[in-house]
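Each of the next two complexes has subunit A plus one more chain, namely subunit B in the first and subunit C in the second.
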Partner chain A sequence: MNLKNNYEFFTHLLKINLKSLTSLRGAFLLQATFMIINNLVFFTMWWVFFKKFKSIKGWEITDLCALYGVVAFVFGVSVIFFGGVRSLAKMIDGGDLDVYLTQPKNTLFYASSSQSHASGWGDVVSGIILLWFSGYLTFGSLPLMLTVLFCSFVVFVCIGILFNSLAFWMGPMDSLARQFYDFVVTFSIYPQVIFSQFLKMILFTVIPGGFIGHLPVSLLREFSWSNLGFLVVGSAGFFILSVVVFNRGLKKYESGNRFIGVGTN
Partner chain B sequence: MGKYLSFSIIAIKHGYKNKGETIARFAFYGIILLVFSSLWNAVGSEKIGLKPRDMIWYLAMTEWIVLSYPLIHTAIQEDIRTGNVAYLLTRPIPYIWVKFFEGMGTLLLRMLILAFAGFGFAYFITGGLPTNPLGLLLYFPVGIFASMVVTLYQSIIGLFSFWLQDATPIYWIFSKCNFILGGMMLPLDIYPEWLQKIAMLTPFSSFLYLPVKACLELDASLLLEALIKLTVWAVIGLIAMQLIYLRGVKKLNVNGG
Partner chain C sequence: MSYAVAVSNMTKDFVLKEPAKGFVGNLKSLISPKFNTFRAVDNISFKIERGERLAFIGPNGAGKSTSIKMMSGILHPTSGDISVLGLTPGKDRTQLGYKIGTVFGQRSQLWYHLPAGDTFDLLARVYDLNPKAYREKKNELVKLFEIKHLLDQPVRKLSLGQRMRCEVVASLLHGPEIVFLDEPTIGLDVTAKSIIRDLIKERSQRFGTTVFLTSHDTGDMERVCDRVIVINHGRVLFDDTIEKLRARYIKKKRVTLMTAEEDLHFEARGVNWLEKKPHKFILDVEVDKTPIDEVIATALKHARIRDLTVEDPQMEDVIKFIYRADKE
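Presenting the complex of A and B:
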């Protein structure tokens, strides 16, 4: 299947997901609006913090604003476009991948983009607001901003695929995969200048929150080709690893005989 | 009362089997304490009048409550969304009390397990006990009481599913208010005065900040204030839960035609 076909399929799926979300307009608006409030209220903790402490090892409130903005934006975009990633472990364990396996589309791509979450729109809006207030979102920085956001987004989606793919080998681990995902978010929203060397190493490998928040914002603060290269290579590495692990796992997948039920209800 | 306690016991047995989630909560507790100990080491908590060691114990104590209370609202909204609530309402005991007591069972099991986690991680990270170690013993029953009141408010959030189908957005705001107005990560003492006043008028400061500060400082008058406020918020919560539940059931009857 060529790239053009995949793109057309993806845009159609996106339109259907969006129609489905907005069919319950009240619920959609409520979720998106409350998520914006949720994120902005959360950030007030840092506002209070920086009233007392002027900086954390050189990181000021504008840097934290950018960090939260990047993570919120990337989280939002990932659950809007690839909301199915968070349910992959459940699909694998419940045998629900049957529906996607019988289609002439890439299974991982189809299953990942089969769901979209309304709250993601709230994350995207609050992400843009925070990036705007950080002062890093300018016309001149737009190409770099888009590049780092894209790389961060790739890593975020891919680690979701990796954690959830463990269900191929470990069985029911939906709850655990979500917790791992939450660990990554938790580590992404704190400046990594506070961590020891050992923890920093973990944050670029096992719990790669460093690629999602810290490195993109470090590049916005002070551009360097080596850091950009590290981010690009890191995101490409996580992309390849997630696809390989999912495809390996797919060979161990046991059907849930779901295709029998399709269209019979 | 016996029949309600049976639901709590069933929830405890169910929770005991769910080891994966318990391990994850255990790990998350350690990670949060590790992140914040790194933060306080980087900036120095002496600037806000607290020893770094007490600051980590403060966080361990607030997190003990926050990580223990069950998300009853998700169970209630699932019952409403799937239509199961129609069958559960026909039982000879009020549906909301069943959910509340199930939540109590889950809460007590988690508090017991996480008490070991909190104590162990905080002791390991700080290398010692807080300035007033006796406060930890005092905090055990006080923290459980505060968690019970939080669980009550969690049940109320779930009842909004009768109108909204999905009460999660209300939970987001509730948890963030707990975070900010409850002083979960940062003690309210370091807030601007106007924000402290607002926080003290809400139930959130009684859930977390007041009980923890009273026990950490072994302050009898502050402890009395915390207990009185918690009791008042518990009574308000109980009345609100009953009223909202009765209205919600009526609304469900109308929808069911």
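Presenting the complex of A and C:
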């Protein structure tokens, strides 16, 4: 009953988010379209690069295409389903969690999924296009593809929660959290073969871009149980850590009196 | 007897960074900031019976909102015990969520870009309401609060009064046992205030809902509640019935008269003339010495009244009366 109710609640929340987005139809279409163009134009830089060089330490244009595809898709899905994560620091600092705290649903889940960003639809479409062109999106690889995308998605959402939850202790750090977030995206879209061992370690811990882009694509290139285990354990670790940190922080929540309504960004 | 709310020695401290002065001070504060502790709520204790309507009033910054946030599970108290419907708000927040309704005058639970009806449908899922029971409850509240014509309009296009009626409906959809209202009439005009107050009282009387209302407007307390707690600087100054507060401290009303005649003057016990302008007169009336109706009747003997307003004293004045009475 509880699971069924929560499922109904989540699907209704998605419906209402989509309705809220499409209530401003022009803005929705423009944002989604421009994001598709933005992602595809950005990728042409690599296309130009690979016209001159065949590969970077074994990584070819199809691999980069898959890397961009995974990151764009995961970014898109996360801001569509959990768009509130990007605003958590602002909500914490402005006291906007009050509404969620007085209602009988999980605060983190409710606050995170109460916003959706139109640009995410553009990311999802461009992600699918890039994955399709990479050649890794085949019927046979679908279970593995979905598994790595899901793990990457979990890590991506969870690091957003972690960065933004720092606002419980550090106060107004909305823009800093966004910068961290963008930092992770930037490091996700480069093949980690170009980095030193030390930097690689950073990219699987402090700035875990490696879990979002490199490791999922490595698994698509060459499957190994150990890498899959590393990805699954890593994503589960980030999930637990983000929930624990958020709930710890909630005890330090100080509310506020900023006048704002639900669904505004 | 089980109480709806039982609060014992509730205290809340906030740690605030000391503001630095000047450029050098700001740089120093960046490296070694100084913090001060500010006590927003200071050792408050009280109990509320089920079905009681209690006004928690005080001037701005008195600690009203902090108290209501601790009782509704938003904030954790620094020390003290809170029990709401037998639950501990900070610990049993999910369970408590099903039993309480909240309205924050300065914060909305309605989706800004969507019609209020969409938020109501979402709340039915939030509170796991049976679809048929939800429809019946919604229809009943929509009719009572006269918001049928507002249900299809985006919330961003509603007036403050219209939005507040929708907010109250949203808080009552799941039939809460206790409703916490934090400044529900803030910013509303006289008519909208009156509608909101009457509807809250009607719901409480009909279903035995406990009402905990914070306000800095004495009118909210007089028209909705039976009991009042006055707080200032986080401490309880008064805890008794509205009648006793009125008898002891709210002895004055401010009357503004607009007359057809240019001049007006009369003498009566407890009447103090504050302002005299052509056609407009403002006077303070000590109602225990001369009732308002007598003052108006006397004024009518001397002039034709074109307009008339009777106002309650400001919350700050009530607090002053209480302090003065305590000293005496």
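Observations on the model:
Rule of thumb we're sticking to: the second predicted complex is superposed on the first by the 255 of 265 C-alpha atoms of A that agree within 3 Å, B and C clash if a C-alpha of one lies under 4 Å from a C-alpha of the other, contacts with A are read in each partner's own complex, and residues count from 1 in each chain.
Keep in mind that, in the parts below, a contact is a pair of C-beta atoms (placed from the backbone, for glycine too) under 8 Å apart; a residue touches a chain by one contact, two chains touch by 3 or more.
Because the structure is predicted, anything quoted here is derived from the model rather than measured.
Of the two partner chains placed around the shared chain by superposition, neither subunit B nor subunit C is touched by A:V233. Within the superposed three-chain model, A:L142 lies out of touch with both subunit B and subunit C [touch as defined at top]. Contacts of A:I194 after superposition on the shared chain: subunit B is touched, whereas subunit C is not.
In the superposition on chain A, contact of A:M35 is made with subunit B only, not with subunit C. Of the two partner chains, subunit C is the only one touched by A:H12; subunit B is not. Touch criterion met: A:L176 reaches subunit B, while subunit C stays clear of it. In the superposition on chain A, contact is made by A:T186 with subunit B only, not with subunit C. Judged by the document's definition of touching, no subunit A residue lies at the interface with subunit B and also at the interface with subunit C.
Of all residues in subunit C, those touching subunit A in their complex are 14, 65, 69, 72-76, 90, 93-98, 100, 102, 104, 106-114, 118-119, 121-123, 125-128, 154-156.
Subunit A makes touch with subunit C in their complex at residues 5, 8-9, 12-13, 16, 19-20, 23-24, 95-99, 101-107, 110, 251, 253-255, 257-264.
Taken together, the subunit B residues at the contact with subunit A in this complex read 18, 20-21, 23-25, 27-28, 31-32, 34-35, 38-39, 41-43, 47-48, 164-166, 168-170, 172-173, 176-177, 179-180, 185-186, 190-192, 195. Interface residues of subunit A facing subunit B in the complex, by the touch rule stated above, are 27, 30-31, 33-35, 37-38, 41-42, 44-45, 48-49, 51-53, 56-57, 119, 172-173, 175-176, 179-180, 182-183, 186-187, 190, 193-196, 199.
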